[in-house]
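Okay, so here's the structure we're looking at.
By written order: A, B, C and D. Residues from 1 in each chain.
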Amino acid sequence: MIEPGVIAQENERLLPGHEADFAALGEHLDRRGVDIATVVDKVAAFSVAVPSWGVGTGGTRFARFPGPGEPRDIYDKLDDCAVIHQLTQTTPRVSLHIPWDRPDDPARLKAHAAERGLGFDAINSNTFQDQSGQLRSYKFGSLSHTDPRTRTQAVAHNLDCIEIGQAVGSTALTVWIADGSNFPGQSHFSRTFDRYLESLSRIYAGLPSDWRLFVEHKLFEPAFYSTVIQDWGSSYLAATRVGDRAFCLVDLGHHAPNTNIEMIVARLIHTGKLGGFHFNDSKYGDDDLDAGSVSPYRLFLVLNELVDAEDRAIPDFKPAHMIDQSHNVTDPIESLMVSASEIRRAYAQALLVDRAALAFCQDGNDALLASETLKRAFRTDVEPILAEARRRTGGAIDPVATYRAAGYRATVAAARPAARSGGGGII
Amino acid sequence: MIEPGVIAQENERLLPGHEADFAALGEHLDRRGVDIATVVDKVAAFSVAVPSWGVGTGGTRFARFPGPGEPRDIYDKLDDCAVIHQLTQTTPRVSLHIPWDRPDDPARLKAHAAERGLGFDAINSNTFQDQSGQLRSYKFGSLSHTDPRTRTQAVAHNLDCIEIGQAVGSTALTVWIADGSNFPGQSHFSRTFDRYLESLSRIYAGLPSDWRLFVEHKLFEPAFYSTVIQDWGSSYLAATRVGDRAFCLVDLGHHAPNTNIEMIVARLIHTGKLGGFHFNDSKYGDDDLDAGSVSPYRLFLVLNELVDAEDRAIPDFKPAHMIDQSHNVTDPIESLMVSASEIRRAYAQALLVDRAALAFCQDGNDALLASETLKRAFRTDVEPILAEARRRTGGAIDPVATYRAAGYRATVAAARPAARSGGGGII
Amino acid sequence: MIEPGVIAQENERLLPGHEADFAALGEHLDRRGVDIATVVDKVAAFSVAVPSWGVGTGGTRFARFPGPGEPRDIYDKLDDCAVIHQLTQTTPRVSLHIPWDRPDDPARLKAHAAERGLGFDAINSNTFQDQSGQLRSYKFGSLSHTDPRTRTQAVAHNLDCIEIGQAVGSTALTVWIADGSNFPGQSHFSRTFDRYLESLSRIYAGLPSDWRLFVEHKLFEPAFYSTVIQDWGSSYLAATRVGDRAFCLVDLGHHAPNTNIEMIVARLIHTGKLGGFHFNDSKYGDDDLDAGSVSPYRLFLVLNELVDAEDRAIPDFKPAHMIDQSHNVTDPIESLMVSASEIRRAYAQALLVDRAALAFCQDGNDALLASETLKRAFRTDVEPILAEARRRTGGAIDPVATYRAAGYRATVAAARPAARSGGGGII
Amino acid sequence: MIEPGVIAQENERLLPGHEADFAALGEHLDRRGVDIATVVDKVAAFSVAVPSWGVGTGGTRFARFPGPGEPRDIYDKLDDCAVIHQLTQTTPRVSLHIPWDRPDDPARLKAHAAERGLGFDAINSNTFQDQSGQLRSYKFGSLSHTDPRTRTQAVAHNLDCIEIGQAVGSTALTVWIADGSNFPGQSHFSRTFDRYLESLSRIYAGLPSDWRLFVEHKLFEPAFYSTVIQDWGSSYLAATRVGDRAFCLVDLGHHAPNTNIEMIVARLIHTGKLGGFHFNDSKYGDDDLDAGSVSPYRLFLVLNELVDAEDRAIPDFKPAHMIDQSHNVTDPIESLMVSASEIRRAYAQALLVDRAALAFCQDGNDALLASETLKRAFRTDVEPILAEARRRTGGAIDPVATYRAAGYRATVAAARPAARSGGGGII
């Protein structure tokens, strides 16, 4: 982790500017009738999980270009995750991915994490790749495969994930499958869906009573004609079918072009089936870019739905916030720190929405002032609030600058062997 | 209607070629183990409804360019629809749109239609326009409007439509609303949806016991930020909420780019909630082009799901087949004749799919031969089957050529006054 | 126009908050090494033209719902435009549209505008509608029509527009055509393009030596299969072919989904062929929503390219800034005031980009800090700068609030007769 | 290669049906005034190149699932390509990819190919991956990299490709680069484009006088915010800038959603800059599916432009026809045989278009019959023509059935070691 002295030194350097900005924002918000301290408290209480796989450099089907100091195993990954949380004070939980992160000794893993102030969020199964030694291939599907033995193998893997998750303290399982088809005719849509539902029910049957099951939809990739859980409609059907503790997970990058994602979030809140998020950003497909880097207003509009639901005190409303990104051209630690901050930023902005005024505009069909009410909140520069929420519990006013000042990447690069570039999946 | 002698004369001219083609196709299909006579029978039994508004020239927000002989009222429209059915033998029903087609005397309208061999399919309400003398405006919504009086007016209009529909012999109501928003914040997604559900329930309460209610989703237009029933997920929620006789209607042009529509059809069949179709084609948005003119394979894949469901003998499976198009640059009668034929063509092609072979490929994950099995059916030129199905009950071997030979357009142009070009909605 | 006393009174009410915000922002920017006064000066010098047609309520093909006080003619429109400029101090020019705004007496029109502090920007021809009394229809095209007489009529109309423009003081002509096709096969792509180029050359031949010709591309609508000038590639070919004073106009809503518009802007700057903009925002198609209302970051990225080009002192770089929107659910005057402010906001944010730091990141492939550099500028709340730029020359600190306080809409509604709702173009 | 006796035996089995179908089609076409023999001759003369990388199983960033008998090197790949050509008689040329196919001894490679009846089409450079031992990384670009040394390395690689190509008999180089950015701000659009143009000019300077240079555009992937050559506009600018022997290559999967690709083809033909194609099909992005498997009508419309250009005897019109696909779930040999046939099918259908009738409809704005003229050609089942063109020079009436009957895959699977599943690029 980062030497606390480095953080202190950097914060000291930045403190005067921060305090001036914070004071000015406080006065400004006061004029708007908002108490900045309350906002800081809420922001500080808002956290998001980071994905264990996110701290390694990602890649595409064309290539992967690793950076220096790539983590070698789940312990290295947790070390990196600990830095992210240390500096941002935003990411106290990690999402594991099995088998990539399969622990030899779950208790040791749990302790390793706890020592670093980390716990575990939803655990992710993987039936989209074949593992060495695996009996049956997922080339043509997993939970929805035509062969019952392959389905059974995939179900067993998910149950195994639950077991690992229990050992480390997770309370949710995320099921994303790559099942689908590349050509019209390849799969029978209804029979395939039936097989999927049957498999999911078997997983659900093994779900501990205090766990939640997240079903994640995706329009396409790696299947390029049809996907079994292609949209929130199918996700909702599946979650509804298997039981009360099954919910829908929304990955922001898994939709058709032009889709109004915040509205899907609202619909799922309405049905009581919103389980959580995989945050990221995208311009074309499932680009897995850093949250808020391409469409920050869209991110705000999604968080706005969450704050609206909190405000309405929807019962049992506790969506999981997780990041799912691929960091191909940046230092993954930096991208995750910035992304976590962007999600908090959107949350902070959403907290500033004058909801009484908004409701008044909505009831009176004052479309212009309704729009302006949201935009006013969005364009408020809440960076001082974010910085303060980090600073006051030992985080960094400027996480990226502090991280660079600490030289963490160079340190781990010296300890961890260089990784080789890879060719992606195309050949 | 068209002078039967003209049809006879045209058919006589085309008969030798048709008979040769039909015989050759019969022999070819026989080699594939298919009895052409059975296919002709099924095709002849397949019908699709035409929309009353479709026989007038359509337009865009930029302009409308009427052609000669535009129908002046619902009686003129029925005359045009009668010609379409006479020549194609495919379109025995007409969908009315209220108030555009509000009859002074429903009994007379029903008789006028019956004399021309026509009946009535689902009736369409209109709460997306303000009618002269209307008390409350739909500018900001109808069934989901914030003002309960506007909602009540919109519900009453739908109940009125049912009454008219009962008088003329319809047994279904299609509810498409333009409700939505143009700006983030303008509408509260959940409260708006609640209001919509409440209104829809009131309409459903007035639905005769032998009627069906069709809920039609649309991604956008005329609302450009959000739509209340934006996709099949919301449509399904609504139809499920209000009752067993509520179903989802799929308009092929109402989806996000790249959406796999045939899979949505399969999902709705799976849930038992597929109500029917508005057939058309599109490249960009809700272009309302002639069915099969841009993506004939997509049309085939949709019909393939219907034939598959027929084959599996899904209980109570009787989706309504309707055309919904805007004919901006063609003679509307010609476009509707061609479109009805294209839908039948896709149905005929789907009947030729070797389903046993397809299931075998699907079970064995033979993606290539599965794809080829569909393509083989699709590329069979079934025109002789379509022509024969028309010809044997008095229709035309070549409807467009016969229509032109008959000079119908010139005849009605002489009787009906010229319509003025219009400026669309933008100014 | 608005009573100056109302503006003064509103500004007085808002001044304390404004001064506090402005001072705080000045101090903040000073810490970032930016002089706020310089930014205010640049922002105050940045203007954008409003479209004459934008002050009337717009509509869709489904319906048009006018509001109270719709302008009856170009004089009413200029009155409304004058209010927009008076309050925002941002919109000193108006774009005319012929024949909608054809003046009986151009000199009188010019004087009427000048009295209100207004001049004229690019003039727009209209060959996408048929005017009453027009000899040849544009149903099947105008500048690219197969009939040379129709092309000649369309060319003559454009030359007529130039003449009017000269009389009122315009120095540019914008040519947007609706020519295209609805079906594969309807048009021969190359022959159609040749006819277009020949017509455009004839217009160019009549272009005064101090004028510019703007060619505007659009992917689709009202043609739904192909458009003659469908993208910037075709626009560039046309502008290059006809001459040095022909340029490409970019309407932000005229692109395929997912298109990187700011990159097209950069390419056109690179070729020296960027003529200007039609600003608006959109989520699905050519939605013509208020600038910055859906994707404010995209708007910023576009303006960022303009500021970058200014910074690099590209020779002869003077793109026209124009708004082109359809205000269907808001008071058009309010939408145009807000939109003009949003464009200025994006410009102000772009001025705050630390370009030396950005170039350093770009040269060093520091993708993360490059992204953060842009985002930091974007998230700066520049509202105090905008307000100050308006206030110091007599505009309103809060244009919408001041406009409402002044009761302008009620005043004109009393003087102008109510407009009837219309049915759009579909029937 | 396949034992000729197997082909003879399979053809004998299928001959009676084929002869009956061929005779019937000949009679039918005769009634339409078309001589089938002429069409067969033209189809037989139409060929398409296969990509060397296409005979291996492809993958995605998530996983790659190899099949049995994966080719180990370029010699194995040529053996597989030879089978494809032997059975389809359609693919006499192979496109190499360097360094994947770098020959130890080009002369030996050329001879190996010639013995199997194969030659070489355009050669492909690869600067989107880092090769082991490579001095400078392409992580942040190649031809447009900020570091001149990296650009020089990339240019040298392309010149090396030309040298290899000359040795084996190629006469064209295809340059596709992955250069772009993942975040707004990461790259300066104009400076990056300038660097690209300069590098391309250096490659062009090394182009033999009888060679062509193909510039391939792509909207996104692996870069997810911007791509240097993102569309045909940028491709055209680049090809025009560097010289007369530089042309634009169109990959059907490299466009924004909804793009009218056949119109881009027409535009490039119009400018004289169409270099050729990478054929494939797609539903969502660059899905690289089998040609004609998702949108066969679109493929037809593209080929229709080529036949139209042939008909107009455009000077120097000789676009390269190449397949570029990723075969993830099928036997790659089967997919390539079917794809080559689909491209020929679309060509054959396009030959059947009654161009005089089409031109007549176009000139008279008969949109409906123009559309019908194309559709009539498209729906003609030309399989007998394709089969005859294959059969008469020793190919298979049914290539897939014959390939399976021959047991080629099992034979090579016995000789070639099993490949391991891979994890794609994401970790």
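The rule is simple: contacts are C-beta pairs under 8 Å (C-beta built on N, C-alpha and C of every residue); 3 or more make two chains touch, one makes a residue touch a chain.
Just so you know, these numbers come straight off a predicted model, no measurement behind them.
Centroid analysis (C-alpha atoms only) places C farthest from chain D. If you match contact pairs by residue number, over half of those in B-C turn up again in just one of A-D, C-D or B-D, and that pair is A-D.
For the interfaces A-D and A-C, the C-beta contact count is higher for A-D.
Separation between the centroids of chain A and chain B, computed from CA atoms only, is 42 Å.
Each chain gets one centre point, the mean of its Cα atoms, and the points for chain A and chain C are 39 Å apart.
In chain D, the residues touching two or more other chains are 139-140, 181-184, 186, 219-220, 225, 257-258, 260, 283-284, 290, 293-294, 297, 329-330, 365, 367-368, 371. On the side of chain B, the complex with chain A involves touching residues 139-140, 146, 181-191, 193-194, 219-220, 225-226, 230-234, 236-237, 255-260, 262-264, 266-267, 269-271, 297, 301, 305, 308, 358-359, 361-365, 367-368, 370-371, 373-374. Within the complex formed with chain B, the residues of chain C that make contact are 53, 56, 58-65, 100, 128-130, 132, 137-140, 178, 181-184, 186, 219-222, 224-225, 257, 282-285, 287-290, 293-294, 326, 328-330, 420-427. Residue ranges on chain D touching chain B, taken from their complex, read 17, 20-21, 24, 27-28, 31, 257-258, 260, 283-284, 290, 292-298, 329-331, 334-335, 338, 345, 365, 367-369, 371-372, 375, 378-381, 383, 400.
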